[in-house]
Every structure is written in C-alpha cells, then in structure tokens.
Amino acid sequence: MTLSPSSIEQVIPGQGAMAQPSARARRRRFRFVANAKAATGLAILAVYALLAVIGPWIAPYDPDARSVDVLQAPSARHWFGTTHLGQDIFSQILVGARSVVVVGLIAGVLATILSVLIGVTAGYLGGAADESLSALSNVFLVIPALPLIIIVASLVDQAGELLVALIIGLTSWAWGARVLRAQTLSLRRRDYVEAARATGERTWRIIGFEILPNLTAIIASGFVGTVIFAVMSEITLAFIGISSVSSWNWGTILFWAQGQQALAQGAWWWFVPAGLAIALLGTALALINFGIDEFVSPRLRTGGRTRIRTADGRTVRMRVGFTPVLAPKAAPVPMQRSADVRDTTREDQTA
Amino acid sequence: MNDKVLEIRGLCVDYGVGAEAVRAVRDVDLTLHRGEVLGLAGESGSGKSTLAYGLTRLLPPPGVVSGGQVVYHPADGPPVDVLTLSPARLREFRWAETSIVFQGAMNSLNPVHKVSTQLLDVIRAHEPKSTAAGRLARAKELLRLVGISADRLDSYPHQLSGGMRQRVMIAMALALEPQVVIMDEPTTALDVVMQRQILGQLAELRDRLGFAVLFITHDLSLLVEFSDRIAIMYGGRIVEEAPAARLYAEPLHPYTEGLLHSFPALRGPRRELTGIPGSPPDLRAMPSGCAFHPRCPKAFDPCDERLPVLGPPGVDDPTRAVACWLHPAVAPLSR
Amino acid sequence: MRFLLQRLAFYLFTAWAAITLNFFIPRMVPGDPVQSLISRNQGRISADAIASLRVLFGLDSDRNLWEQYVAYWGQLLHGDLGLSFTFFPAPVSEVIGNSLPWTVGLVGVTTIVSFLLGTALGVGAGWRRGSWIDGLLPATTFLSSIPYFWLGLVAIAVFAGPGSFFPSSGGYEPGLVPAFDAYFIPSALQHSILPAATILVSSMSGWILSMRNMMVTVSSEDYITVAHAKGLSERRVALSYAARNALLPNVSGFALSLGFIVGGTLLVEIVFSYPGLGFQLFQAVGSKDYPLMQGIFLIITISVLVANLLADVAYLLLDPRTRKS
Amino acid sequence: MTTTESAPAPVDEVVLEAVGLTKHFPVRRRLRSLLSRTPTVVHAVDDVSIALRRGRVTALVGESGSGKSTVARLLAQLYPRTAGDIRLHGTSTRVRGGRPFRAYVRRVQLILQDPFASLNPVHTVRYHLTRSLRIHGNAGTGPDGLERALADLLTRVSLTPPERYLDAFPHELSGGQRQRVAIARALGANPEVLLADEPVSMLDVSIRLGVLNLLQDLKDRLNLAILYITHDIASARYFADDTIVMYAGRMVEGGDSETVTQRPAHPYTRLLTDSAPDPERITGAGADATGAGERGHGEPPSLIHPPAGCRFHPRCPHAMARCASELPPAIPVDDHPGHWAACWLFDPATVAAENGVAEEATR
Amino acid sequence: ACGDSPNANKKSGQAATVLNVGMPNGPQAENNNPFLTTSAAASLGYRWQIYEPLMMWNPVKPAEPFKPWLATKAEWSADYKSVKVTVRDNATWSDGQKVTAEDVAFTYNLVKKFPALNDQGVPYTDATASGNEVTISMSSPQFVNQQKVLWRVPIVPKHLWEKIGDPTTDPVKQPVGSGPYTLKSFTPATTTLTVRDSGYWQDAPKVKELRFTSYTDNSAQTTALANGESEWSFVFIPNYQAVFVAKDQKNHKVWAPPVLGIHGLYLNTTKKPFDDPTLRKAMNMVVDRADIFTTAEAAYFHPEVKSVTGLPSPAGDSFIAAEYKGQEHKVDVEGAKALLTGAGYKLDGTTLKDKSGKPVTIKLTDPAGWSDYQTSLEIVKDNLSKIGIAATIDKANQDAWFRNVEQGNFEATFRWTESGATPYDIYRTIMDGRVLKPIGTASPAGNFGRFQSKEATDALVSYANATDDATRTTALATLQKIFVEQVPMIPVGADNIGGAYSTKNWTGWPDDANPYGALQPTQPNALDVVLHLKPAAG
C-alpha cells in the first residue's frame, strides 16, 4: 500500500498499524481508567475501601482508650492529636472509616437502585403504573427523611449502621425517581426505544439496556449526590447526637469535638480531619464521575484525549463544531502548493 | 459562471489520531464552480459525508482534518483557506457563505425548539439588523418554498414526518442565500413530487442567486438529471469526475459503470440489473493500488500495485477526469 | 379539562396519603411530649410536673389513635392546626408563621441563586469539557462534600467573632423587632450573608455536576453540530441549543427543591441560630410535639406537591416530546 | 438465519392484514384549543386496508407525510390505533405489550425509517444484532455460533469485513451502514412479515441492489411477506409485486406493481411517475422537467383540516365538482385485474359521461 | 415613617442600660403565661422579672430562712399543711392597681382549680384571704416543699386573670405583673423587657432594659457568651477557662454553686450480680469523681459530690448526719479489691468473677447526644476496669433510654435526681419504695434502680410528715446510712444553678463571696440578681 506522503505522517506515527478489533474492544472497556481524574477518584475510593476493611487493625491505638495526652495538637505520637479524654483522633478516624463507607455506599446504592427502578419504570410504562409509582414517590418525597430517621432509630434500641443505611436509602430515592421519570418520559418515544420494542425486547430489558444507559449522566450525578447525602445524614445524625450507633464514625468524632467546643478551644485538629476526610470521599466520587462521560456518550470516546498536538507543535482541542486541522498552518492564500504536492505524489507512485 | 467558488485540495480526513486513526477521505481534489451543481455519488461509507463535514470543519470528534486545503473564493475579496480561519471568522463564514443540509434530518433539528425558532435564529444571527416581522415573513416564505404550509412553523420536529423535517432543513439552508450549499442526501425521505419541486426551486434560486451546490445522493438518475457535473467516490477517493451527461453516457471507471448498471429504471422495459460483485473495502485495510481492483472485472497488471492518479484520460478531454489505469491520466488534473 | 381534574385527584390522593402517614409515624415513637420535656431539662423540671403537664397537653384523656385521627382531620378541615406542645399554648400556625418567612427568605433565595449559579457553571463545565471550569468541579464537590455544619462552624470560627462584620448567630440583631425599616432590613441582610454563603458553597456543586453531565451528553448530539454549522454564536449554541436541552432534569430537580425550601435547612439553623422551620421541626421531633410536627409536615407536603406539579408542568413546557399523544 | 422451513404454507396466503386502519394524533396547539370540546387531531392515517401476502412484496409509495410510516408502525403495533383492525393470519390482534406483543413481533418485524435515530447511540452494532438474534432464538449455540450468526448477518447486508463493524458504535457508521445494521437487525428475528420503512434510502445503488436482492431471495425462499415503503418508484417496480399509493393519509391507488407504475390511473400517481427522475431525460438542471413542477403545484394538504371529498382535489388537474364533496371509494380500473383507484374519474358514470366529451375533443 | 419604627432607638448603644441574657433554648413562640413551663417566659426565665413570688428562697443555701418578697411574712402550721402569708401593702401591678391578698388567694385557687397550672404538684386544698393575710392549705404536710409553695408560684392580678377564659391556653400577650419590668417587644429570638416607670415596691433596678435572647444550642450560646453578645446565661461550657474566661480574663466569670440535687450512676439492683450491695460498694469506691468533674463537667458544671452521703457541699452540709460528717469519697482500688475478695469474688487477672464464677460485666447506657454523661461513662468504664469489671457503653436513643430507665431495663445509667430544699428529694428519687414498680412498668417518679428497702421508705415518709426536727434528723440519718451502706446509686456530681456572666457592663453578681442567690436566669432568684446589678465603673 502506497501512502500519499503528506504532513500526516509526522503527526501520526504508526498510522498504518492495524489494531486488532478485539483488542480495540477490550481497550474500550478499560478506557475509563485511562482518564486521569477518574483514576485519581478511584484510587482515593480504593484507599477508603481499604481503610474500611483494615482500619480497625492498623489503628495505632484503641479509639476509646484514654491517655494522659489530653487535648494535644498533632505530633509524632498522635498524628491527628488527641481529644479531651486523651483518645487518639487518628485511630478514631481509621476505625470510623468503615461505618462511613458502609453507610454511604449501601444507602447510595440502595437509593440509586430504587430511584432507577421506580422512576424509570414509571416513566416508561406510563398509565396506571406511572400514576401509582408517582404517587408512591411523591409520598416518599413528602416524608421528611431526617425526622423519619430519628423516629425509626428511636423505635429500635440499638440501631446498627446497617439500619441507618437502610433508612437513609429508603427515604432518599424519591427525588432521583422523579427526575429520572421525567427524563424517561422524553426518552421513551425515541426511535431506538421503539426499534428495540419492535425487535421484541422485554420491557425490563428495554428499561435496563436501552433507556438506562442514556440516563447514565443523571444517574451518575444522582449517585454521587445520594452517597454524599447518605454520608452527610449519618454524620449529621451522629453530630446532632441522635443516632444510636455505638461504633465510631466521623460524625461521632465531630459530635465530641462540637460538644467540647473544639474550635473555640483552639483544638482545630479535633475538628478538621473528619471534615476533610468526608469531603475527600465526596470528591473522589465526583472525580470518578468524569470517567463516565465516555459511557454516557460513546461519541466522546476520543481515546481519552481532548487535546492533540499537531506536527508544528500547536495544541488543538477536540471539540464539537470546530474540527481540528492537523496540517501545519498553510501559507497564506492564495497558494500554489498543489503543483508540488502532485509532483511528489507521482514520484512516489512511480518509485 | 466558470470561476471557482470552492476549491478542495488534497483534503485528508481521519477519524482518530495515532494508531487508531481511520482515514475516511484521502487526498481529495474537487473544485466547485460558481453556480454549478456538483453531484457527489459513491459507495455507501466511501466518505461523502465525511468530506462534506470535513471541509466545513464540522466533523465531531474524533474526526480530524489531517491535511489539505479548502479555499473559498468569495464573490468579492481575496480567497481564504477555510481550514485556517479563526473560530470567530469561521462562524461568520458558515451558513452565510456555505450552508449545509445534514444527513439524518431528525437529529439535525433541536427537539425542544419549534421549527420557527430554529429557522429564525439563523437569520437573526447573521442579519442582526433585520426586523422580527421581516424575519417571520422570510421564514414563512422559505417554508412555502419547500412546500410546507406556514402553520407548521409552530410545530416541534417530532410532530413532522421524516420528509417534512428534511424540507425544513433545506429551507433553512437557503435562508441566507449562501454561495455554496452542501446537501447531504437531502431528498432521501422525500417523495418524488416534492423532490422535483424542491430541486426545481433550488435550480431556479441558483439561476437567480448564482450559488453552487455540492449535492450528495445515491439517486443516480436524480443526479444525472439535476447536476452539471458528477464526481464518484470510492474508498475515500474521487475516482471519476465528469459532466453529468458524459458520465451517464460514457462512464470510464469500472465502478461508475457498475453503478450505472445497478439502478432500476422506471420507464422502458425491465432490464437486467447486474450490480457490482464483491463487497466494499475496509477503510482500515485498504487494498493496495487501486482500491477497487479486487472487485473490478477489468483489473489488470498495475491495478493491485500502483495507485492511479485522478486526471484527464486524454489530452482532448479536459472536462473529465478519472483515476483508473485503464485510462491513465495524461497530466495531473489542473483547472 | 379532564386531564386537569385527573391531576388534581392524583395530587389530592397523594396529599391524603402523605398526611395520613405523617399523622401515624410520629405516634409510633415511644415516649410522649411530657417525658421528652422532662428529659430535655435533665432535672430542672421536677417529676412532680408530669401530672400537670399531661393535663395541660390534654394527654390525660384516653382517645385511641383512630379517634385522634378523625379529630385531626376535623381540625384540619377547619384550618386549625392545633396547639404546639413545646410552646404550649401557642398555636402551631403561629409557630410556623414565625419561622417560615426566615426559612423561605434565606433558603429560598439561596436555592435560587445556587441553582442559577450552579447551572451556569455546569453549562460552562460541560460545554468546555476538560477546561478549567470543568476542573473546578472536583473543588466544588469537595466543598459540598464537607458536612454542612463543619463548614458553617469553621466559617463562624474564621469570619465571625468579636468586632467582625459577620455576626455569628441569629437572623437579626438581638433587640430589633422584625419590621420593614432601615434598621431591621440591613441587619437581617448582614446576618444572612454567612449562612447564605455557606449554603451556596455546599449546595452548588450538585447543580454543577448534574448540569455538566447533561451538557456532556447533549453536546454530542447532531443538532449541536448543526447549530455550529449555522454559524450561531458560541454563546447561542451553548445556551439556546445545548443548555436548553440539558436543562430539563435540572429544572425538574429545581422545582422539586423548591418544595423543600420550607423544610428549611436544619443544620444552618442550628449552626447559625437562624430562626427557621427546620430547627422547629427538629425540636418538634425531639419533643414529640405532634401538632407542630404535623403542621410542619403539612406545609412541607403541600409545598412539595405544588413543587411537583411545577416540575411536571415545567417538563411539559420545556420538553415538547413528553407531551402525551 | 436458519433456512429450516416448516411445511410450505400456501403461497399468497394473507399473513397480515389491515382493515380500515385509522390513526389520528391529537395535537395541542394553543391554550384555546384546550378548552374547546373537539380535540384537534392530525389525520395521519384514514381508512387504510392492506393485505400482506406470503411470498409477496407490497410497496407503499406516496407523498412524504402521507402516513406511510404511521401505517408501518400501526402494523407493528407500536401505536395504538384509532380505528380499524389488524389481523394476523385472520385473527384480529391488538397487543399493547408483554408476552402477546413479543409473540407478535417475532412474526412481524419493523425496520424504522430513520437509521440515525433508530440505533441506540450507546450500544455497539454487536449488541444490537446479538439482541435480535437472542430474542428470537437464532443466536446459534455457544459463542462461536453467535459469532458466526453475527458475521453471517453482516455479510448479508454487505457490511464486510464483519469484524470491522461489529464493535463499532452507530456514530462511527455512515448513513448507509446504519441502515444496513437496521436491516440486519430485523433479519435476525427471522420474521414472517417484514415491514421495511424506506430501508434502502441511504444506500448507494449497488448495495441497494444487493439488499433488495437479498430481501427478494428471502421472500422467495422463506415466503416472507414484505411491506416495502419507498419513494423510489422505480425500485417498487422492480422489487414489489403489488404497489399501493397513499396520499394525505388515504390510499389512492393500488394494484400490481408493473401496472401501477407503468399505467398509473389516479392523477396523483401519474404526477408521481411523471416526477420521477429519469436519466434519459438529461436536461441539465431539471427545472423544466415535463412541467411536473407546474402540475404538482399547490401545497400538500393540511392533515389537521384535510380537504373534504377527495383529498387530492385541490391539486388535481382533473378535479370535478363532485371531488370536493364526495369521498371516492376504491373503484376498479379495468386495465388489469386487481388494479383500483380511489378517483371519481373511474366511476363508470363519469367514464361514460366523459368518454363522449373526450372523444368529441380528440376529433 | 422611619421615626416610628420600634427599632429606631435600638442602635444607640450607650453602655450599661441594657443587660443581654441568653438561653440555649431555640426560637420561641410568644407566650408569657407564667404558669406554663412551655412558655417563652418560663423557658427564658423572664416570667420572674414580670411576676413575683411571695417569698425569695436561696437554693444555694437551702437551709437559710426565706426572704420576704411580695409577702412580708409566711407562717407555717406545725403540721406544715397550711401557711399564712402577709401580703405587702406597697406593691402595685404594672397597670397601676394595688396588689392585694385577694390577688394572692386568687392565684393559689387558680393553681388549685387548674391542675395543668400546678407544675409543682402541690396538693392545694384552699386559699382564703382576709385583710392582707392569706391562708393557703394543702392536703398533706409540705415541709419538704416549702419553696414550691412560696417561691415557685408567680402571683398574678385577679382583675385581669378573672377574665381569662382558659388560663391554661392563654398566651397572656400583655403580661401585667408586680415585678419591675414590663414586656416591650417579643420576637421568636429575643424578648425585650423595660423597667417600669414607677410603682415598683422596691428601688427600681439599674438595668433599664433586659434582652432575653434564645440561641439554638449550647454552642451558639457559648459563642455568644465568649464574644460578649450574651452577658448572662446558664449553659454548659466545656473547658470554660479556654472557651469563655480566656476571652476576657477580667470580666468573664462562671459561678456554679451546687444545689440539693445530684447526678450519679444508677445501678439496677435487681440485676445479678448488682443486687449485691458489696459489689455496688466496691464499684462506688473506684469511681473517680474528681476525674469526672474535671474532664466531663469542665471542672464546674456538676460540682463534685464528696460526701459519702451523696449530699453536695455546701448546700447539703447542714443535713449530713453526725456519723458521716467529714467522710469523703476517695478512690480506693485496693480497698475495693479487698472488699470483693472478702465477699467471695475472684479477681482473675483483669477479670472479676462473681460468686458463681461468672465474669462481671456491665452495660453503661445514656443518650448518645449527652456528651457530659457520655464522657462520664467513659471514665466510669475506665475506673471499673481497675477492679476487673468489663464495661461497655451503649449510646442509646434518647426516647428509648428514657423508657428503658423508667421501666428498669438497664444495668447502669447516669441520671439525675429530683432536687429540692432538703435532701429528701435526692433520696426519694433513689430509694422511694412507694414508687417502686416491677421491671417493665414505668416508674416516672423515681426508684429506677428498683431499690427495695422498707426501712428507707419508712424513713422517707417519716421525714416528710414529721412535725418536729428530731424525727426528721433521725429519718435523715437512717436514709443516709442506707444510702452509704447499700449504695443504691453511685453519686457523682451535684446539680448547679449557676451561670456564666460578664462583669464588663454590670457588677453585683452573686458569687462565692456573696452567695445571695442562685445565678440561673430562669430561677425566681434571677429577679433578685437583676436587682443587685450596678453599672460597672468606668
């Protein structure tokens, strides 16, 4: 195969190399990770997950144990300082990670699943199913979550974190369901949905595989939102002192810090780490969200690159509406380049 | 009438960069003259749409223009290379000078805006001084031009049939009376009456306004009837280019010949349709030499090794060009 | 017309279900208002007061749940929300009336601002995927993932304090009486800056994120390319074409969030001692103040349902494809 | 696709039949009309009766917006119908969803008109085709069987090499390629009835020929009944056995394809055939093409307030007073059995009356 | 117009006319009904600035005689079933009318008539006026409740209250009382009182305006105190030295005198092995009260109870029986161990085994949100581990905890006792057999630990009904003996009625040097305090 030599050769090395289709498909699947932001998010999340599992083992101290180092600033001995009882805050954070991660993820996943199930089904099915599911989500929308959590928690003497997660999950799906339902309404008349129906897909499959992927954007932001909400709820419950979770979580730490007016006492180290740890968890989720772009819209799969370099060293951005031009900036028009291009072409061909 | 309005030189368009790049348009040279209708036909997937979008730089990622020039000659003023225009200049240039009707009209119309909004805002963007009433009147006139009653202005795209949407797009393309109109299969969803009516209108407008049309379609009979010149694409390249009647009467490239033997005729006796054996080439693994050679009934020695250049087949016939070793180019195409 | 009636019936049904639930849920909780009053005061109210308080709250007469329920509806239909226990004998309507304007003022304004700002930034981030605005998102998510009270308390610790322009608590200067005058309004505004700013910071990223994601989805649609081809200004393409379509879920989210305005933001009110409904509800739950709880629930129910209706209508207006055929 | 065939059913048996099919879309245009009692509707399809027979291709041509796609969707039971009946093998069916619907689509497959919209942007070609094969049990056994079935499907529609297209997303395909994926998807179901809504409009002629030949072959071998909606009358002539012409939601002419295309009876059909591009005519710009532009003058009718009587009468060069008030029924045209037209010109009474006058005139 | 605004003169911030009082009670509803615990007037305490009691009592020195207030004199009958008060003749209501004995009698009859107003639960039978004297009768002896009768009942004007249809649901929007202040304005956050122009029976207070601000929670209140926004409040301030005092060393002060009410660890005396007094005693010996006082109560809030009798000092000093005078708790781990081994327990390494060989474990429970109690439990847990008792802490939900404690479903919990003018209230909360209920049945009035002792019950009855001091002394000695020997509850800290205040603008606050009254803005004493205040010099 003779290639017409042009500037492209310099720009795109290995242009002729054939990529195996299967390899291509495989790469596609993992391209997600290639996104630096998503990778960072995943890494942070992985660290949290790890902490959730091994936190209690690697904690240097018993988080409950009192010591003589009362209310000390961070030091080599106590990385995050100590509480008014001399407890090691670093250990409390490590031990508390599990509860936060577990509650956040369980509640987030549960709420997301419910909102998708109910919202999308209602939107897609329409009619009586829609009416009743909408009524259900409206009712849940109306029941204020925090009081309900307080109430249910008080019905059970010893509300474990699983219960808290369940309650948060069960009360926070309605919003997402409403938004998803509305979007589904506009998706369900799309031709490709009709086409899938005409192919004979079952309803649940249409919902799950034709409509759902196109809702990924909303679901993803909703998921990030609910996980953050769930973590916040758990922490808030502990912070305002109503959850009866006995184990440590970051809200408990903040509860103690606030109860002891840590900020007013100047004990910032008591207050700051837990807050930042929570915020970092949320950020990790948002970062992962960047990775879903390419799932949301396969058209964005540009090899993870939004910028490319041209031969003459310019950087151009891949963007809709303005296709990048890789050729070096041409001489100002009118130009008489065509003749010599043709010449070289011919030389090549005869060679 | 014979001066150039759009000159495409050595245009190459890729999808993706680096190892994954697929070259969909290869080294295309094409010249559009003022007031002419240039038909572009060819294999499905041969890069016609890519060419059309590439030259206006509307190709969505991962498309990149990897080489060549697109020189636009305005009615007054010096020529400009469209590919080097700044975004702001490009925006001014678009639609006012070159408008484009996309393939797949449903997706070309914003589903949440009324037809009127979408028609009016293009006028407003380029003619900010126009009055609202004037714009509305113009929009109605445009719709009438394509045979849609004015009361459809308030419709949303999904309330229109496929053909109506296409007509709306055509109306929109004509709104600013540009110098070049690129139409990518604008009439696929239209019935022939409507098709004729619109093309008739288009021809009339062209006579009046002198714009050039790059007309992409598969309907060869329509092309022959409607365009002045026809270019045939195969595997990302132009393989033949000739005045419409000449091409129909005397195709030089075996692929063109094959095409002409593939379409049914409405009138006359039923004839045998031979078609073209074999299957379209894979852009990722183009055959060496002439891309058509594996399917070519007349393939011979050099075909599988050397790439034929597009050029006039004989000194006596400068109006047409072909890229085939059966009719080797006597000279590089020069216009 | 039939459509409207049908909707109305639907919303009435939902309201009935919600109100009924809100009636029964609080009553399933162990403990009663007297008990919680005593326990909240840790010994400063003598156990001898129990009897008198029970009489006071009318808890001495043994009516079963069903009778109470019927009586509750009877009251409700007369527009009577009953008397609050915590503030006995202040009528629930008065308690709500005192806090509602504050909540609606603060939370309402910040919700709107946060929606507008967040959506605008989301448009920017999604439109220029990979640009600096997009890079802003992790930062804003970081801010919004910070527990609200944390943010508020840190803000108070950093910004408020003796001699600072920012007051650390309250809705207005103590000693002022709410009135529309030159003393009160500036004071109220001054007191709202810090809470408003912290709410904004912590709530904006949700809007940014969802808007961005939708923008990303939408901006690869063909009609965006066409809009570019039409030579429309970048702004117009981004706003009128991409953002307009991407806005839909956000708008319905926004309509819904309007419904939650009256619910208030408990933590803001706690942290800044802001006189809002969220704290009242929290207190009511804590002190088993059924009438107050129900009253607030009722307000929330109504506003959420209205918001829902708004969301429905907004979608209908904004997305012609959802209009039923 | 499997070629196993059950006991050959009698050719020409009516598989799918529409009787008096009607579809009105309600439109809400202004607040005002909300309050008015009578809802405004688009008369998209009115009283259409079509019989699709085993082993026969029925072409549906007609002006754009005349309701062809709506008929197809109605037949596929994607829309509930306003009136009329759809009979599958003689039994009236009305399915809204669930198992009966799937049983129905197993036998009746639809290819949607717009390949740009009818492929889900988030799925690959592989997914689309695999689903179609799987649902209808044609996926073969094991991964190899599936792979083979997929390759087979793609090769049939000339998407070769198949590996190049299997993992492509719709946006990476050209219009024609998408259209072929849509066809392949319908073929994967191995249906009895294929409702093809402009299936080849975006294909170049050589591939178009290939695809039509493929359909023809399937029709012959598997006795498929095919509804072929097209604007390309020439291809209807070659490919279809029967042709039905629609105008503004109504059928105006029907009959054997060769007859309808060569000796059109209804003025609209005549307009249609006259307007069809004809390379032999080479006139350069087609502006003055046989005065078709002149004759087709006039706008397509509003479907919200369709013209009374014959819907074509405002544009008809032969319109009579009667045309404006009375709806013409299907009147047999005697040049060929089965050929009919809904036009008063063929009413025996008119014919008799006109004949005299006409003969007068020619003399 | 602008000038008419009620806020017009607000910004004129001349020092020392206004006193800013704060309470962490959340937004209020306008309700000035002085009888209702739920009213803003009660919650913030300003009811006592408007309405006055008959006599003033000093809870800091409970045994001291009452100070005359609206009444110049109060005489109890020997059986303490009736009291004859003499109403002062120079007092007027803020609407100008004279305060009469009729008003006083009316008030007590009102309380009698409406049980809902009788928040002290005193069994009034009748109140009759004659001349300037009123005789108030009760159905049972009220020796232990004197302050509830004379100090806790706000006297209201008959001529206005007669007209009130239902005094239990009237918010009394325009309160008229005999006190020095009248209501100026009410907002949910702040109530403002101004001093009466004339007619107060004593010298008018120097504080011209009182602002009662309600903050949503402790931390907001503390912040307000620290930055000077609040000048007087009653709130728990953790590490008050750093958080509050250090912000203005010179002026910020905290004073928290104990009263006769305590906090301690209730043990469920029906649960094995805690039914064994020896074990309880041993546990009592290891609890580090000083640690709890400094760590959990910021070294001021619940003053350490040192006396083994559980009576706080100095309020309870005069009640301590001779045999326990000077006997103080001290941590004695070795002693406890010895005691236990002597009683058949085995200390097996770090685990204590009871007589049957089972390890002794205990579950300590308290509501999750009560941080001082929770800290106390942490310390107790630590202390108990010294004698091998493994404690776990259960952070319960408040409602569940409350229910469980009343029903006896707990092993050990930190809780308070009633408080009063004599140790009677402390002991009856802990040991009263009259309110003993089986486990599972709520006993809201006390005896949560289900302590069974007829002797204690008899002593309580005898103390309350005695007509002479000797009987009382004996009864009290018996109670103390039982308390010390059987340890039905481990006393830890005392309740206080103190507060935090600032001397920046106002001086004259009660303190250790001059403990003339309780320093809690919600107590009737608050009026006395305000009357003592003088603008700070300079």
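Letters A, B, C, D and E mark the chains in the order given here, with residues in each chain numbered from 1 onward.
The rule we apply is simple: a residue touches a chain if its C-beta (ideal position, glycine included) is under 8 Å from a C-beta of that chain, and two chains touch if they have at least 3 such contacts.
The chain list, named the UniProt way, goes like this: A, C = Peptide/nickel transport system permease protein; B, D = Peptide/nickel transport system ATP-binding protein.
Predicted model only: the values in this text are computed from it and were never measured.
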Open item on the list: Touching both chain B and chain E, which chains are there?
Closed with: A, C
TODO: Could you let me know which interface, A-B or A-D, is made of more C-beta pairs in contact?
DONE: A-B
Open item on the list: If you average the CA coordinates per chain, which chain's centre is most distant from that of chain D?
Closed with: E
TODO: With chain centres taken as the means of their Cα atoms, state the distance from chain A to chain E in Å.
DONE: 52
Open item on the list: Just the number, please: Cα centre separation of chain C and chain D in whole Å.
Closed with: 54
Open item on the list: From the mean C-alpha coordinate of chain D to that of chain E, what's the distance rounded to whole Å?
Closed with: 90
TODO: Could you give the separation in Å between the centres of chain C and chain E, each centre being the mean of its C-alpha atoms?
DONE: 38
Open item on the list: Could you pull out the residues of chain C that touch at least 2 other chains?
Closed with: 29-31, 153, 156, 220, 222, 225, 227-229, 248, 270, 286, 319, 321
Task: Two or more partner chains touched - positions in chain D - done: 25, 114, 116-117, 164, 171
TODO: Could you list the positions in chain A whose residues touch two or more of the other chains?
DONE: 24, 154, 189, 191, 214, 240, 242, 258, 264, 296-297, 299-301, 319-322
Open item on the list: Using the touch definition from the top, list the residues of chain E that touch chain A in their complex.
Closed with: 219, 222-223, 226, 237-239, 242-243, 295, 367-372, 375, 378-379, 382, 393-400, 404
Task: Complex interface listing, chain D residues touching chain B - done: 25, 27, 29, 42, 61-66, 69, 113-117, 155, 158, 160-161, 164, 171-177, 180, 198, 201-210, 213, 231-235, 237-239, 261, 271-273, 275-287, 289, 292-293, 296, 299-300, 302
Task: For the chain D and chain A complex, residues of the former touching the latter - done: 73, 76, 78, 97-98, 101-102, 105-106, 109-110, 112, 114, 117-123, 127, 131-132, 135-136, 163-164, 166-167, 169, 171, 182, 185-186, 189
Task: Of all residues in chain A, those that touch chain E in their complex - done: 64, 66, 70-71, 84-85, 153-154, 156-159, 238, 240-246, 255-256, 258-261, 264-266
- [ ] Over in the complex, which chain C residues touch chain E? Could you list them?
- [x] 29-31, 35-39, 42-53, 55-56, 83-90, 94-95, 98-99, 153, 156, 160-162, 168-179, 181-184, 269-275, 279-280, 283, 286, 288
